[in-house]
Structure formats: C-alpha cells, structure tokens
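You will see two complexes here that share subunit A, one where it goes with subunit B and one where it goes with subunit C.
On to the complex of A and B.
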C-alpha cells in the first residue's frame, strides 16, 4: 500500500498535508480499503471548529458507519463538495480527488503529534498482529 | 419459486381489472365541475391493471419467498430471533384487546388495563426494578427515554454539568446514537483483552461530568461483564447513573437481575426476549424500568390500581412527557404478557438456561474451524471469526451468503466492530439439537469449501432468486419507487433493480 512521505498520519487513519497556510485532510489508503466502498459522507460545515483527535465527520460504507477524527485543531475552510455526488472518489483516489476538507490550524505544531509514513506503516503492522 | 418475480406493474395489461361495480342508480357528474382544477391529480394515477387471480398469485408467490423464523433457523446474533408461540397471536386477537379504543371510558377498559398493570409487575420482578413505562416503541426509543430520564434526574438536583455518556467500544450502535441525539457528549470506553469493559480505562474517563454509563450485559460478544460490581460502584461514586441495554436479557431470565447489579434504568426489548414477532422494522416494544429515584420523571400516563379498579395516572408533574400515543404498541404488550404468563417463573429460567447451553454447544462444535476470539464459556450468543478463511480470500460475507443456500439465515456479521471478520451467532432456546447439529454440519461444509474452492464462494448464494445484489449501487443510487425505476430504465435501457436483498432486522 502507498503512504506518501510528504503526508502526516493519525493513529485513526487520517492523513494531513500542509498546503500554504491551511491543512488538507483525508483518509489513508488502508482506511479506504478497510471501509470498503464508501456510499455516503457527512462533511463538516465551513467555519466549523475542529479539535485534534475529536470526531468531525462521518463516512458510511456498505459495512458500517465510521467517525473521521480531525488530525489538527482549527477552523474548517473548505470541504470537498465532489464527495457528495461521488463518494467513490475516496476509494479511487484517497490522497488526491478523495480529500475531505481543509482546516486553518490554530496551532501548527500539533502536526508534530502525528506520525510519519514510516511510523504509520509500523503501526499498521503492529495492529495486524 | 426461486425465480425473480416481476413487479405487479410489469404484469399490467390495459383493460384487465379485478373488480366489478354494481350498476349505479345515480346520475354521474363531471368531477372537474365539482373539484377545483388546482386540486386535481395530473397526470392520472398510474395503477396496474390485473385480474384478481393474477393479483392473488403475485402476492402469494411473493409471500412464499419470505424468510422467517416460522420457516427456517435464524441465528441472527443480538436479535434473539426465537420462535414466537402462536398462543400469543390468539390472545392478541381477542375481541377485548383487538377491538377496543384507548379513548373509551376507563370502566370499559379494565381488562387491558389489568393486563398492562400485571405485565409491569412481571417486568419489575424479572429485572429487579421499581416501576416501568410501557410506552417506548422499540429498544432505541427506550434508550432515548432513558437519556431523557438521566437528564431530568441530574437537572432536578441542580447538577447541570453532567454532559458525558459513556459507552463501551463493543456497544450496540444505538447506544451512542441515542445519547448523541439527545445532546450528550459520547465517550467511548475500551474493551480489555478479555472482551469486557476495561475497568482502568473506565475509571480514567469518569468524573463529575459523567451523566451515565450505558452497558449491555452480557455484552455484544456474549460475555458476562463480571466486573459489574466494581463498574457500578465506580459510576455511582462519581454521581453518575447506570443504564442497562436489555437487548441481551435472554441470557438472564430468572438467573440474575439488572436491578440487583446496580442498574438505575433498564430497557427491555419485548420483541426479542419476550417472543413477539420482529424483523422488517417492527412493531416492537421497549419498556423502560427505573429505580425509585427516577420514578418521578417517567412518561405519563402510568396505570394505577386501587381496590381492584384500574385507572390512568396522569398526575406526574416532573414527567419527561409522553413518548408515544396512549400506552405504546398494545398488541405487542399483550403478546409479551401471554408469553410470560404461560411460561411462568420456572419456564422463563429454563428459557435462558437453554439459550446459554445452545450457544455454548455451537461454539464448542465450530471453534476448531472458526476462530473464537475470547476463550471460556459464553452466554446466549458468541462471536466467531472467519480468520482462517480470510487468509484464503473468503470473508464473513461469503460465509453468510453461502448459509442461505442451506436454508439458514446468516448470523450478524461485521459486528461488534472490535472483532475482525465477526460472525455473531445466537441460536436461541427454541432450537432442537437436530437443528443445531445441522447448522454445525453446514458450517463445517462451508469451511471445507473455503479451502477447496474459495473463488466460488464469492458467487454464493447459488439457489436464490437474487444472488449478490449490488449493495454499493443500491446505497449510492437507491431506486425506491416504480416511477424512479421506470425513469432509470428509460435513461439507460437496463432493467436491473438495485435492492439489497438482505432482510432488515429490527434493533
């Protein structure tokens, strides 16, 4: 599986990417695979406050519904409106077209609490045991 | 019988009809002169034109495709799909129960009021609680009722900061949903390596903001929460309440009582434990029982008795209000009453004992082939994992689908969420050893098939009218009406209907 090195990862399987003064958030390839086909996403509202590690939105697959946790605290700038019409983007392109939302972080150093791609892969191999 | 049945609209032929009206003795008028145009339907209603025998055959054929506990084994974990004795149905159809109206004068409703009063007495004795409301229409409705009681209780004491409701990570999804719906903040408690509430983690999460802990006991893995004494003490020490999700009460009848374990609020699923029909969405009944300190907040009205005369008690000033019209789903309450009355104390105890023995028998018989994550005895249900099969590319879904070919309903799969490739199996007490042995035989056959031809299992079931409906398409582009169906046919010329094909079970 692919875990790009320029991204930061949460233990709850979200990724975060610094893009200028905002942070873009999505779920990892592992997460989309575990979820199986996503059929619905309940996205956060613009300007909604996020808190690191707190549930912010919901994805539903044919298997179950899962919470998505905010990898950083801040304010939602934008969400990916395309997901409402085509939630399958999350499965097809989790790191690109399948992004969830972007946040203006209240404390950029929170990114340091997240994992590198190597650390995240290690976590996955531990979970498999 | 296993062929796909056409829609009744597809049988329609212009000019056919299934009725004949007598010659009218009145002059007919032009409806457009009597009804304003703005109120006229346009275009005209599209109803199918079929003859009476065509219509009857259509629906009888459809009805024969039903999968039910009256036709087959139904080990759907957590749902307690036990056989529903027909004596329940007889009683529910008595004139005095079926043909009464809740607004009749009380003195003409004494029979049903006595039944409700006696049902409440039985539920109190079975659970060790002090009073019950019979209004909630199902388990989740009972949970919502419970959350309202929790809030009223804390606020009446002037304690306004209790915002957290704790739920174990193995809980039924309705628990966090009910708490969140009523505005509580949901806090998840981890399970330990024994599949029970992690006591240390629980203690680290509770404080003076804890409103309540919602707990299912036995839990969704089918294990008894044997730390219940410490759990209840920890919650009560910080001033919180303990809520009992009664979905798994079928393991405890006559053996142990939630009230004695320290629970303050209890809901029961009469449609599970007390043998009223369910599946397909209801109707159900989720009575809520409370200890003394919560009685003042119960929904109104309750039934009271004085010198053998029953009346509605509506004088409950601190009540959370009404939750359902009148006293809830009366027909379901009658059936549950009959079940309790005809089994009696000893009979109910044997229900739970047999349910536990049946589940342990199945667990023992299949655990060599399907991984059982937590060792030791289970209660009325257990969770097995398709772990060995997963390595061969066969998943819990494939096993569930293959069971249908053998006339067995699939167990609950992929729940609880904390167990990978979970299959939650609950045989209930009503199954004979022969049925259980047949299930074991089928499960072992499927385990062999997973080794011999794993690829083929992805195509199961082979014998049903609908094999693998496209669940993803059904969820993404649901076609719910004939109009939508016709529009989708016109758009792409294909005639495939997306349906999930899986019977929905009531929670």
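On to the complex of A and C.
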C-alpha cells in the first residue's frame, strides 16, 4: 500500500496535506480498502468549524456508515463536490481526485500531532497483530 | 474480528486463498466479498458467479406421514409436491407470525429435504419436533452438508458445459439428483439473487472438489466467487425477503406480501385461523418498497415517519448497484402504503424524503 511521505496521517486513517495556507484532507489507501466500495458521502458544509479528532463527515459503503474525523481544527473552505456524484473516486484515487475537503487551520502546529508516513505504517502493522 | 465461538466452513481456506474478506454471520465465518461488492453484484447480474451458502440448515423429514405433517405444518401447497419438485413456504406460529422461511423438496415419496435459514436451525427443529407425529422422523444434517449456488444469466450455459445439456431444461423449483465423485448431489433450479440459477446440495466431504471443479469450468465464463455483501444487495433489489429482518415471528406473511405462499383452500395449517382474522379485519401494517428522494442511505431499523409521526421502520436498506439509487423495504402503517406516497426516513436524526415505489426494484426479463 502507498502512503506518500509528503502527507501527515491521523490514527483514524485520514491524511492531511499542507497546500499554501490551506490543509487538504482525505482518507488513506488503507481506509478506502477497509471501507470497500464507497457509495455515499455526506460532506461538511463550507465554513463549518472543525475540531481536531472530532467527526466532521460521513462515508457509507454498501455495508455500513463510517465517521471521518478532522485531522486539524479550523474552518472548511472547500469540499470536493465531485464525490457526491462519484463517491467511487475515494476508492480509485484516495490521495488525488478522492480528496474530501480543505480547511483553514486555526492552529497549524496541530499538524505536529499527526503521524509521518513511517509512523502510520508502523501503526497499521501493530493493528494487524 | 472473529470470536472464539465462530465456525469455519469447509471452504474457508480455499476462499481465504482467493482473497476473501470474512465477517461473522450468526455463528459462521462467511466471505463478505472477494474483490468488491459492486463488482461481484454486477458479475451476477450480467454474467455468472458462485456462492457458498453451506452455513444454511438442511433437515431431512421421512416417514409414511411426512407429507401430511409438512402440509399441516406449512401454509403453502405441500400437497402438490411430487418427486423432483420443490416449494418455498413460510413456517408460521399460531399467531400467524413467521418463524422461518424455507424450501421443501420432495426427494422421493415420504422423503423430504428442507432448507432453512442458518440462524434459525435450532428454533425450527424445536418447533417441528413439538408437532412431529409418530412415525415421522426428523434429522438435522446441517453440519454434514454443503450448498453452492451458481447464479446469473449465463448459469444455464455454465451448467451445460459443467454437467451436460440435459440439465438446462430443469424448470424453476425442480431438481435432479446427480453423481459427483461417487457422491449424490441434488441440483435444483433455485436461488436468492433474482437471476436464473442453480443450487447444489451435497455431503460436505466433496465441498472443496466441487467448488474447485465449478471454478475450473467457470474460467472460460469469467465466473467469480461471490460474497455475502453482493448476496444481500442482489436479493434486496429483487425484493427477496430476509428472515430476521423483513419478516420475523411477529410479522405475518400477509403483512410481508407473501400471500402467494398461503393456500387458504386447504383444510388446515398452523396459523390459518390468525391469518383469516387478519384478512377479515384488514392489515394494520404492510411491507413496502421505497426509494430515497433526498440524498442519504436508508439502513435497517431507521424510523419511518409521515408528518413527523412514526409510522414504521426500515427492515432492509441499501444502495442499489443496478439502479444506482438508495432503496429499501419498510414495514409501515397500511394507510401510507400506496404507490408514490411520500414518506420520511430518519437518517441520523434527520428526516429525509422517500417515496413508496413498486416492488421488486429489479426484475429480469
């Protein structure tokens, strides 16, 4: 599985990428595999406040619904409208076209609470045991 | 995750090698999918796939009065059966509630094969035993037996290549006995997907060799192993009810739309009185199909409302891979069961608009 080194990872399997003054958020390849086919996404609203590690939106696979947690606190500036029409993007391209939303962080240093790709891979190998 | 009490079926290792992801269903470990639920669903709708449903219960009922016993026990026309024919029937309690739904096959005179839901095996056996007359013998052979289902529009073509052309003429709900590796196998034209298909009933010793043989012949058809995820979306699109969800001990076959399985003409069957009363008094609740108008997926147990008042609950709900929309079944007050009636499904505390639509959602031509 692929975990790009330029991303930061949460223990709840979201990724965060700094892009200028925004932070873009999605779910990891591991998460999309666990979910299997995503068929529905309930995205956050623009300007919705996020809080680090708090549920912010929902994805549903054929079998069940799952919460997505905000990797950083801040305000939602944009969400990926394409996911509503084609939620399968999350499975097909989790780090690209399958992004969820972007946030203006209220405290950029929160990114330091997240894991590097190596730490995240370690977490996954521990979970598998 | 699996608990210690879970049972692995004979094909577990083969399925694991094929990449299956397992879940626990009742006490069994079953594959939920191999590649993807959506892909597997599509494979059965357009091509052909194989399901392992060996967890299901298999009972044998024998004896000179076996037919009479079954005919009194079950509301459908058991009296009409003859060797080589099978019939679907609910099994009712005295109140008319559905204890289970099952398929009875007449193997030969006085000898019946009964397929029941896995989660209900013990309950069914207890119920049947409490009504069993002298001279009728009931045996639960579930743990010695396996079941495979080959389903999809290309299943007749597959069966022709696998077994020969004489089997493609089998009619729906008819079966034949075949030999496989010296073992007797019942081959019936039945299934739970809304597609044409066949089911194999056999001794579990030949599970692996039969499965492998099916997959081998299946290679030229691009036949895939199918998991329980797709089994559920397939059966729900076709509105084949699932016991413990769309029907149970407190839901009657009239409420569940299974009136076609009730032979009111016959002298007696367990639950007849209760159903006659229901018929006379009218039904308070009905099982309906709906589609979501608002965005959102309806899931089992979500409340159904009309003008803010609860009128029932969702019994099954999913994203329909074929129709590409959110559909479900709900048991609601009869007055709201008319086609096109707008109802609300409460999704995470939020009423979302839905509409009663015709069932089944999907039907093969």
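A few notes on this one:
Rule of thumb we're sticking to: the second predicted complex is superposed on the first by the 129 of 129 C-alpha atoms of A that agree within 3 Å, B and C clash if a C-alpha of one lies under 4 Å from a C-alpha of the other, contacts with A are read in each partner's own complex, and residues count from 1 in each chain.
Definition applied: a residue touches a chain if its C-beta (ideal position, glycine included) is under 8 Å from a C-beta of that chain, and two chains touch if they have at least 3 such contacts.
In this text the structure is predicted, and so the values were computed from the model without any measurement.
Three-chain overlay on subunit A, with subunit B and subunit C in a clash. In the superposed model, A:39 makes contact with both subunit B and subunit C. Within the superposed three-chain model, A:108 lies out of touch with both subunit B and subunit C [touch as defined at top]. Once the two complexes are overlaid on the shared chain, A:62 sits against subunit B and subunit C alike.
Only one of the stretches 145-153, 415-423 or 487-495 in subunit B has C-alpha atoms clashing with subunit C after the fit on chain A, and that stretch is 415-423.
For the contact definition in use here, the residues of subunit A common to its subunit B contact set and its subunit C contact set are 37, 39-40, 60, 62-65. In the complex of the two chains, the subunit B residues touching subunit A come out as 173, 414-415, 417, 471-472, 475-476. Across the complex, subunit C is touched by residues 36-37, 39-40, 42, 58, 60-65, 84 of subunit A. Note for the complex: subunit C touches subunit A at residues 21, 32-33, 36-38, 229, 233, 295-297, 299, 318-319, 321, 326, 348. Across the complex, subunit A meets subunit B through its residues 37, 39-40, 60, 62-65, 87-88.
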